[in-house]
């Protein structure tokens, strides 16, 4: 039985994590933390049926757990992750604090120096579809962002096979409101969101951009333990010195949860001749939580909502053989956060990767 | 041309008022006030196309207007209404500050002494369907609350005719989220509201209770200038010493705007024999903004949304002749606030009551 | 391992049943039926990830199952339930076909003679909170309607203790759209439902009325195996010849799933002096799927959505000691249909009642 | 006073048209047609307060009107438009029947031969921002589709100035459900749409593609009376023989009305050096119903909903000077249908173009 501690239990990802762990037969929650609601129970703080007591950080019995999940926002999270690591515990961090490998990039995008740059090398990016072997051994797993999860999984086979003629990819992404967190703001007021659709942080300025581009370029270069999935992979036809960029356009959708990325790429002539539906299907064949829909079906948020699956569909463009569209859907709270964290925990502790998630 | 000033222009009722006034051919906005956004323009503060500059209260040119609308919350509103009245201006106040005639009741429900109790006698309750003649002469109109508007209009004919056997009325009301104001809070966060329905302040404790009961009892006693609509009104069969009470249950609906009150009453034997659909139709025949639906149709929020109409339907209960249900729908931002305020302004200034509202 | 067959797998309750059974460790789906989609797979018919093949009724291998769930609408369901019973199988029927004990009432409300009136005596009303012992032995379980489940559970302690001064109860109920079924109609078109709230079948004419009143009166008379929960139950203070009636007002809510009933009762003087929160808590103490919220909290649909719980809150009315309000929330697809059906299956087969449902 | 007849009054565009005409001071509805609901009144058919009687086509008094709006679907519309034209009436057709100039393209995309190909030359594409002068004289105006309106207005300045380096444009569009019409279908069932986002007809196969490409290429070639807006327009830098293509991805949004197109283009080196926000602002300066937001603001559906405005925002991409994003929002029922039709009527009859629309 894996003993679990949770930092930041009263946000949407924290509550979702508790729900999935409640179904997990080999995990037990030892503590749930909330600084602002310490002393209350979870069901006092949100309409739910879990009566977990909430403790403040200094009272969290770190010595009694095997793994700590931190569901805190970036900045606040690094601090408590460090404390857990120092106590010898394994950590899955939901924040962006350990996702970027480059401390300078972190400082540029998050506007403050990274407090523990020495941990960046140690941290493993927690996307099992790429880094499963590293995750198994990791002390610190940086659970991916929701947008990056949907976009990276939607592009992985294309990058690994060097199929892009244009290094600029367009990802038009739409997310449910829980992705913006539980703290009230004008932006998340019901009346502002409802019956609208609002793009935000467009024009290559959203903080998920460096995370997405870091991983797209890693796949492009053939990093990751997934590079070997096609044994007879030839030398890539592309110039390995090219850098992948993404024009990433997030939108706030008037739904609670779920995310859809519509991805547009331009293929090399060689790639344009291939059956990408078949290649995607082959690439993800053994993946328990990636589903490529049959030809003719289009992925929707309804396919993925309340599940840990990334649901993909692959679409050629009539009359334009060098163009391809991929639809990639996840639930931002599950595969985009808490479900993926449980999946990572399962990998870290050698459990069935699907335990608690189906 | 009526010159208009607006206090509190950046809330939902303020913005809605601006929209309706923009269509009004005999009104012109002279100033729009916002203490927190002074210096900005309305379109900087919300997604709209009105470029009105926003001024702080001390810069509002009160001397240049004929009428002031105050869309501020209770407490804050009384102060600025007083300032406008002192400047000799006519005032329509959206807040609860001048709706209760009894300063003691105000103090009890709003937890602070009324700052200007001497104004309570002077204020006219701004429901034209009851107090049209008084409104025409009023210097200070207390624009009714949204819940009270829907409930009072749904009961008026029954009360005026003394039809109730049980002085306790049940009003099960459901409101869109704009009724809770524009200030962000946990309660109005999209994810908390969406895909749910949340009763609140149930059990006779909501602040609209004294306002509703004040007006129901006034109608029950035959106050108001509307009492004469049936010339041959007999002596009421009921005990005039009885006091009407309402069990009022507000719910927060996952929609932006609109309100529905389902009202349940018990009829006297005499009243049970009458055709209440016909009586309601007759009562509201000359009212420009009350519509009684034909028999067989049921009022829905869609009927009333984005209009200044109260839409009613009247329903006997099969097998229980002494019971009656009334459905009363309004748009909380229009007939429940800004539209009714414009209607009151039209009455105050002797204009066509419908100008700008159809 | 219980082997399960499903008639009518492509509606919302069928798909929901499949989802819950997929998590159940002691049940396995042997066939899923759809007359109109026979030959396709479930994932062709709706956005889901279950690849179950769909068979027509004549091809359903009834001999290979232990229990049949029929998720078909009334009328169509009786036929296939009869076939399964004749094959010696146990049946849980989601339709209204076997809920009324009185064939004449069935004929009156459903406008056609009951095809198998001899089965009505045999059928057990599948609300475990009342009929657990009978369900355990039943061959045919009539799974309750969603509205009746929410209303009966919200009233049970009051009826069992004879607490009502007025035999007329008001139940103002609001349901998500999945309760109306998956077949397209004008009423369930997105644009008609969205941003509105629509009462329907009000005035004591909805088909759930006789089902609700049948069970409320049974509880009032002290039928059911639950009557003994208070050992020292005195002779009821009420006139046992009185008949309970419900003024039931259903509304269509713009949400996908979930239901809230706001229930209003009038108490006897004796009952008015009691602590009903405590009594409700005591009554449901051992019930795995009924939760009475702590004093001060109000049940919302968010509490119950996606769970098999009925979530209740009990509210006195300030200043009116003889009045009580109860809020009762369920997920219409879970405790109101498929979850309750699995709960019934668990009871019928002597499994842990909670298996697969937590 | 313009006398108006309406074919197809009971769909969403028909009902919306009636609402806008009700506010128009120089138009009067003479008849409203519905084949399936002839004999009823509009308020019997939908929750609204307009009591217009509905007539069948053969009873429509064509001789008493000045202009006919046809809100019927393609195929059905051509027939009644022809009848009105033969009666000497001016016609605004909401359907796609007269939008394509090429009968062969119509046959290819709509799968049947055009019934009146001789009318295609005569029809004017009803986008006043391009064809205002032709509309003024037109007997038959083909009111543009909603998607085309949003996309064409978002690209017009770029095309007119020959600014594109890549003739393939990406338009990722999201529409409210009223765009799918009022006829019930599985696709528009509340539960299928709600809490999801569903791309459809992606991959260059949607029927709006030929309409969009027809008009984009016309603007690219310099057709239209708007070509002269920059007097010193140089010879276009682009190859005039290139053909513009659009990768158009429509999505069904869980909202009732409103549409957002996110448009991605690649600029020529010359164009990359220009201030496109300034150019868009200049281009649309005199346009009463196109609004370019100030720099720093992003257009949302809330900006345009319930108005006749197209609301645009223009966004460079950080670090990629040759890329530009344009956000273009309209209300699909207003600027995308009924409002634009009234605007066209105003132009056709020499009225103030804004009458009834502000």
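The first chain written gets the first letter, and so on, giving A, B, C and D; residue counts start at 1 in each chain.
Just so we're on the same page, a contact is a pair of C-beta atoms (placed from the backbone, for glycine too) under 8 Å apart; a residue touches a chain by one contact, two chains touch by 3 or more.
On a predicted model such as this, the values are computed, not experimentally measured, just so you know.
Which chains are in contact with both chain B and chain C?
Chains in contact with chain B as well as chain C: A, D.
Determine which of the two chain pairs, A-C or A-D, is joined by the larger number of C-beta pairs in contact.
A-D
Of all the other chains, whose mean CA position lies farthest from chain D?
It is C.
Could you give the separation in Å between the centres of chain C and chain D, each centre being the mean of its C-alpha atoms?
48
Taking each chain's centre as the mean position of its Cα atoms, how many Å separate chain A from chain D?
For chain A versus chain D, the centre distance works out to 39 Å.
Identify all positions of chain B at which a residue touches two or more other chains, and write them in rising order.
Where chain B meets two or more other chains at a single residue, that happens at 47, 176, 192, 194-196, 198, 254-257, 300, 302.
Is the chain-to-chain touch network here best called a line, a ring, a star, complete, or other?
complete
Which part of chain C faces chain A closely enough to touch in the complex?
Checking each residue of chain C against chain A gives 22-23, 47-49, 195, 291, 300, 302-303, 306-307, 309, 311, 358.
Enumerate the contact residues on chain D facing chain A in the complex.
For chain D paired with chain A, touching residues are 168, 170, 172, 174, 176, 192, 194-200, 202-205, 245, 247, 249, 251, 253-258, 260, 262, 264, 298-302, 305, 315-320, 323, 325, 327.
Name, in rising order, each residue of chain C that touches chain D in their complex.
Going by the criterion above, the answer is residues 12, 47, 176-178, 182, 184-186, 188-196, 198, 254-257.
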